[in-house]
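Here chain A shows up in two complexes: once beside chain B, once beside chain C.
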Partner chain A sequence: MLGLGAYEISVITAMGVAVIFALSLNLITGFCGQISLGHAAFYGIGAYTSALLTKAGLPIGVGLLGAVILAGLVGIIVGFASLRVRHDFLAITTMGVGFLFVGITRQLDFVGGEMGVSGIPDSGLSKAGFMLFVLLFVALTILFSLHLKRSWMGYSFDAIASDEDTARVIGLDVSRYKLAAFAMGTALAGLAGALYAHNVRFIDPESFGFVESITVLAMVVIGGIGSVPGVIFAAALLSILPLWIQFFDEYKLLLYGGLLFAMMRFSPGGMAGLARRIFPSKTRGVKS
Partner chain B sequence: MLYVELLAQGLVQGSIYALVAVGLTLVYGLLRILHVAHAGLFTLGGYVGVLVTNATGSLLLALLVAMVTVGIVGMAIYRLCYQPILDKPPYVALIASIGLFIAMEEVYRLVFGPYGISFENPPLQDVVQMFGVTLRLGEVATAAGTLLLVGALAVFSGKTRFGTAWRATVTDPDMAESFGIDIIKVRYLNFFIGSAFAASAGVMVALLNNMVEPTMGSVPSYKALAIIVLGGLGDVRGTLLAALALGVIEAFGTIYLGKFLDRDAIAFAFLILVLMVRPQGLFGRA
Partner chain C sequence: MTTLLDVSAVTVRFGGVTAVNGVSFSLNKGELLGFIGPNGAGKTTMMRAITGVVTPTEGEIRLLGKILTKLPVHQRVRLGLGFSQQLVKPFRNMTVLENVALAAGSRHTASPFSALFRMKRQREKEQAAQLLAQVGIADAAEADPSNLPLGYLKRLEVARALALKPSLLLLDEPLAGLNHAEAHKLADMIVALNQAGQSIILIEHNLGEVMRICSRLIVQDNGNKIGEGDPEAVMNTSVVRAAYLGEGNGHAAA
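And now, the complex of A and B:
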C-alpha cells in the first residue's frame, strides 16, 4: 500500500509514536517549564494499561482510552508533587517516579513481572492501516500542541516557565496550570505508550526505564525546548537514525549523549534555536 | 545476628554512597548544578585504580593516582563543560551533564571493552570477624577509608584558611569575592576534591566487586542524586547522614520489601515520601 514496504511501514509507525511521545513531554517541559526525568513511566503506564485491557478481551478503543485516563490520573498525582517541589528537586522526584514504576512492574506478577507482557493483541487493522491510525493521532497531537501554544493557557504556561513567582504575582493560578500541563502531557504519553504496545506487541519493564526517559528528553532538548516543529523533527530524526545506519547501533548512545551535551553546551535552544540564529525571522525579531 | 549483619552491610554500602554523594553535593552547593557526570568520574576512578594496581601491585598507590588523575579530569570538566553555561537555566547544565555521562560510559565501553576488567591479584580479600559479624577486609577498608577521607575533609574545611575561604564561597559567593577570595580557584578546588572522592569510591567498589564495568556508574549516578536531595542539596553533613541512612534502609528494605519493590525503587520510594513531607530534604533548612 502507498508503495511502502513492510519495513518502511514499521519505521514510520515507530517514528509516529516517538513524535507523540516527545510532544507530550514538550507540553510539560517545553511549554510549562517543568522538568521531568521520568516521563517513560507514563509511556509505560499507557502501554501496560492498553496491553492488559485488550488482552482481557476488550476492544482496542477501550484500551487506548484506559491508557490515556490512567496515565493522566497518575500524571495529576505527580503534578501535585510539582506543586510541592521545584526545579532540581522536581527533576529528581520525577526521576524517582520513573524508577518506582520500573521497580513495581518488575515485582508485580499480574503485570508479568520481569517477563513483561507478550502476545498483545494487534489493532485488527493491517500494518499500513495501523500506520495511518498512528499518523492520525500524530496529526491530532501536533494540531493540539500548536493550538495550545497560541491559546490563553499556552501563554500562561509560558509565563510560568519563564518566571513562576512573577506569574503568581500577576494573578495566574500557577498550581492549576501546572496540574493541567502534567495531566495533558502524561495522558498523551499514555496514548503514545498504548500505540507502542500494540505496534511491537511485547512490553517489559526495561522498555520504560531511565534510558527511555532520557531519550525522550533528548528529543525535546535537541529539537528545541518548547518548539513544536523542532521537537517533531528531532523525534523523527532520533528515532530513525539508529535504524537507518546500522553502524550507529554500536554508537547509538554515544551519539545521543554527545548530541545532548553538545546541544546544551553550544546551543541551549536546540535545533530550533540554531535555526533561528541562522535564519533570523524579520517579523518576529532576531532574538526570540 | 541478621540485624547486625544487615546494619554492617548497609553501612559499608552507605559509605560508598557517601563518598560519591559528597562530591556531588559540593558541586551543587557551589554552582547549583546537578552534576550527573560525577558518576562517570567514579567509574573512571575504578578503572584507574584497577589498571594501576595491576601494573604496580600497590593498591594504595593506585588509590592516590586515581584520586589525583580523576580530580584533574573533574577540574577539566568544570572548565570545559560547565563554566560556559553557568548563566543558563539550571536544566541546561543538568541535561548537558546527563549527555556527558552517557557519552563517558560509552567511551569506557569502547576503550576498555564491554565486559569490564578486574584485579589480577585481588587485594584485601581476607575475612575478619568483627562485632560478631563476618566482614571481608575490603569492606572494613572501605568503611575506614571513608571515615578517614571525610575526617580529612572536615579538618581541611574547618581548620585551614583555604577551607574557610571555601565555606565562605559556598555560603555567599558575591560576598566572598568582595572579601578578596578568588572564587574561580575555589571552584577548581571544589571540583578537584569532589572528583577525587568519587574516584576513591570507584576504587573501593572495584575492590569489593573485583570488577570495573563501563556501566558501574549508572546506579550511583541517580542514587547519589537521590541522596543529596535527601540531605538537603548542598549540605555536606546532611548528605553523609542521608547516604548512610539510605545504605541501611536498602539493606533492610531488600529483605522485608523485596517482594514489592526492588532495591532502586525502595530508595526512590523513600525519597519521594520524604520530599512530600519535607520538600527541602531530610536535613535541609527550609
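And now, the complex of A and C:
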C-alpha cells in the first residue's frame, strides 16, 4: 500500500510515535519552561494502561482513552507535588518520578513485573492502516501545539518560562498554568505510549526508563526548546537514526549525549535557533 | 474622599529581626504618596507586604475594603494592585510591546482554560503601544528587552504595571539607577499619571524628586513610621532630620 514496504511503514509509525512523545514534552519543557527528566514514566503509564485494557478485551479506543486519562491524572498529581520546586530541584523530582515508575512496574505482578506485558492486541488495522492512524494523531498533536503557542495560554506560558515571579506580578496564576501544562503534556505522552504499545505489542519496565526520558529531552533540546517544527524534525531524525544505521543503535547514548553537548555549546536554541541564525527574518533593536 | 489602601498596624519579622514594626497608614483615591526612609528602613519590606511577597506577622492590609493579607500575589493584582519592581524584570523572550500587551490582556489570562481559546492580540497590542508612548519608549516597541538601557527598562516596568489598569500603582524605586535627567523625566511622567487620576505610592531614595512631586510623605526608619504629612513639614521635623543625618534620635542638628 502507498508504495511503501513493511519496513518503511514500521519506521514511519515509530517516527510518528516519537513526534507525539517529543511534542508532549515540548508542551511542558518548551512552552511552559518546566524541565522534566522523567517524562518516559507517563509514556509508560499510557503504554501499560492501553495494553492491559485491550488485553482485558476492551476495544483499542477505550485503551487509548484510558491511557490519556490515567497519564494525565498522574501528571496532575506529579504537577501538584512539583509546584514548589524549580529548575534543578524540579529536574531531580521528575527524575525520581521516572525511577519510581520503573521500580513500581518491576514489582507489580498484575502488570507483568520484570517480564512486562506481551501479546498486546494490535489495532485491528493493517500495518499501513495503523501507520495512517498514528499519523492522524501526529497531525492533531501538531495542530494543537501550534494553536496553543498562538493562544493567550501560550503567551502566558512564555511569561512563566521567562520569569515566574514577574508572571505573578501581571496577575497570572502560575500554579494553575503549570498544572495545565503538566496535565496536557502528560496526557499526550500517555497517548504516545499507548500507540507505541499497540505498535510493538510487547512492553517491559526497561522500555520506559531513564534513557527514554533523556532521549525525548534530547529531541526537544536538539530541535529547539519550544519550537514546534524544530522538535518535529529532531524527533523524526533521532527516532530513525538508530534504525537506519545499525551502528548508531549501540552508540545511541553517545550520539544523543554528543548532540546535546554540541547544541548547548554552539546553539542553545537548538536546530530552530540555528535555522533562525542562518535565515534571519527581522532584526531587533531600538529603531532610530 | 475614599480610602483606597488601608495599612493597619503591620509588623513583619524575619526570625528575630523586626523589619517593619506596627506601621499604619492609608491612601486616598487620587493621591500621590511618597514613601521614604534611609537605607535599611524597611521600605521594600513594607512594599512586599502590600504586594504579597512577604506575609505580615501581624496587622492587616485592605485595598478598597478587601483584606489582602492572606492572598497570593496574582490575586492581589487582580483586585487592582499594579506594581513596578525595583529590579527590572522584563520577559526576555518577548518584545517590549509584547511584554506590555500580555499585561493589557490580563482579563484573558485569568483562567488557563479560557486563555487556550483566545487568539487575537491586536487590541491589546494597540493599548500597549499607547502605554509605551505615554511612558516615552514607543521607539523600543519591537526591541528585545535584553538590548535596552536601564532607563527604558524602568519605564517598561511602569508601562506593564499600568497596562493592568490598576486602582493603585506601587512604584518601588523607579528612579534608582537613572541619571539626573532621566530621573527628572520619569518623575514628570509619574506626576502626569497622577494628574490623570492614577493613585500612586512612590517608594524612593531620590529625595529631591520625591519632595518635588509628592503631595504627602510617609517616612520610615528602622521599621518604624517616624513622620507623615506635608513633605516640607515632615522633612523639617527633628526625628526625620536625625534619621537622615544619622544622629541620635531626638537630638536633631539645628
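In the analysis below, the second predicted complex is superposed on the first by the 282 of 288 C-alpha atoms of A that agree within 3 Å, B and C clash if a C-alpha of one lies under 4 Å from a C-alpha of the other, contacts with A are read in each partner's own complex, and residues count from 1 in each chain.
Rule of thumb we're sticking to: contacts are C-beta pairs under 8 Å (C-beta built on N, C-alpha and C of every residue); 3 or more make two chains touch, one makes a residue touch a chain.
Please read these numbers as outputs of a predicted model, since none were measured by experiment.
A.B. asks: Specify the partner with more touching residues on chain A, choosing between chain B and chain C.
C.D. replies: B
A.B. asks: Once the shared chain is lined up, is A:194 touching chain B (first), chain C (second), both, or neither of them?
C.D. replies: In the superposed model, A:194 contacts neither chain B nor chain C.
A.B. asks: Thinking of the overlay built on chain A, is A:64 touched by chain B (first), by chain C (second), by both, or by neither?
C.D. replies: A:64: touches no partner chain.
A.B. asks: Tell me the contact category for A:9 with respect to chain B and chain C: first, second, both or neither.
C.D. replies: Touch partners of A:9: none, neither chain B nor chain C.
A.B. asks: For A:171, select first, second, both or neither according to whether it touches chain B, chain C, the two together, or no partner.
C.D. replies: second
A.B. asks: What is the contact status of A:152 with respect to chain B (first) and chain C (second): first, second, both, or neither?
C.D. replies: Second partner only.
A.B. asks: Just chain B (first), just chain C (second), both, or neither: which does A:234 touch?
C.D. replies: Neither chain B nor chain C is touched by A:234.
A.B. asks: Considering only the defined contacts, which chain C positions touch chain A in the complex?
C.D. replies: So the residues of chain C touching chain A come out as 51, 72-75, 77-78, 83, 85, 89-95, 98, 102-103, 105-106, 108-113, 115-119, 121, 139-140, 142-144, 147-148, 152, 160-161, 163-164.
A.B. asks: Which bits of chain A are touching chain B when the two form their complex?
C.D. replies: 29, 35, 81, 84-85, 87-89, 91-93, 95-97, 99-100, 102-104, 106-108, 210, 214, 217-218, 221, 225, 251, 253-254, 256-265, 268
A.B. asks: For the complex, which residues does chain A have touching chain C?
C.D. replies: Going through chain A, the ones touching chain C are 148, 150-153, 155-156, 158-159, 161-163, 165-174, 176-177, 180, 284-288.
A.B. asks: Enumerate the contact residues on chain B facing chain A in the complex.
C.D. replies: That would be residues 28, 32, 34, 81, 84-85, 88-96, 98-107, 110, 218, 222, 225-226, 229, 233, 258-262, 264-269, 271-272, 275-276, 279, 281 of chain B.
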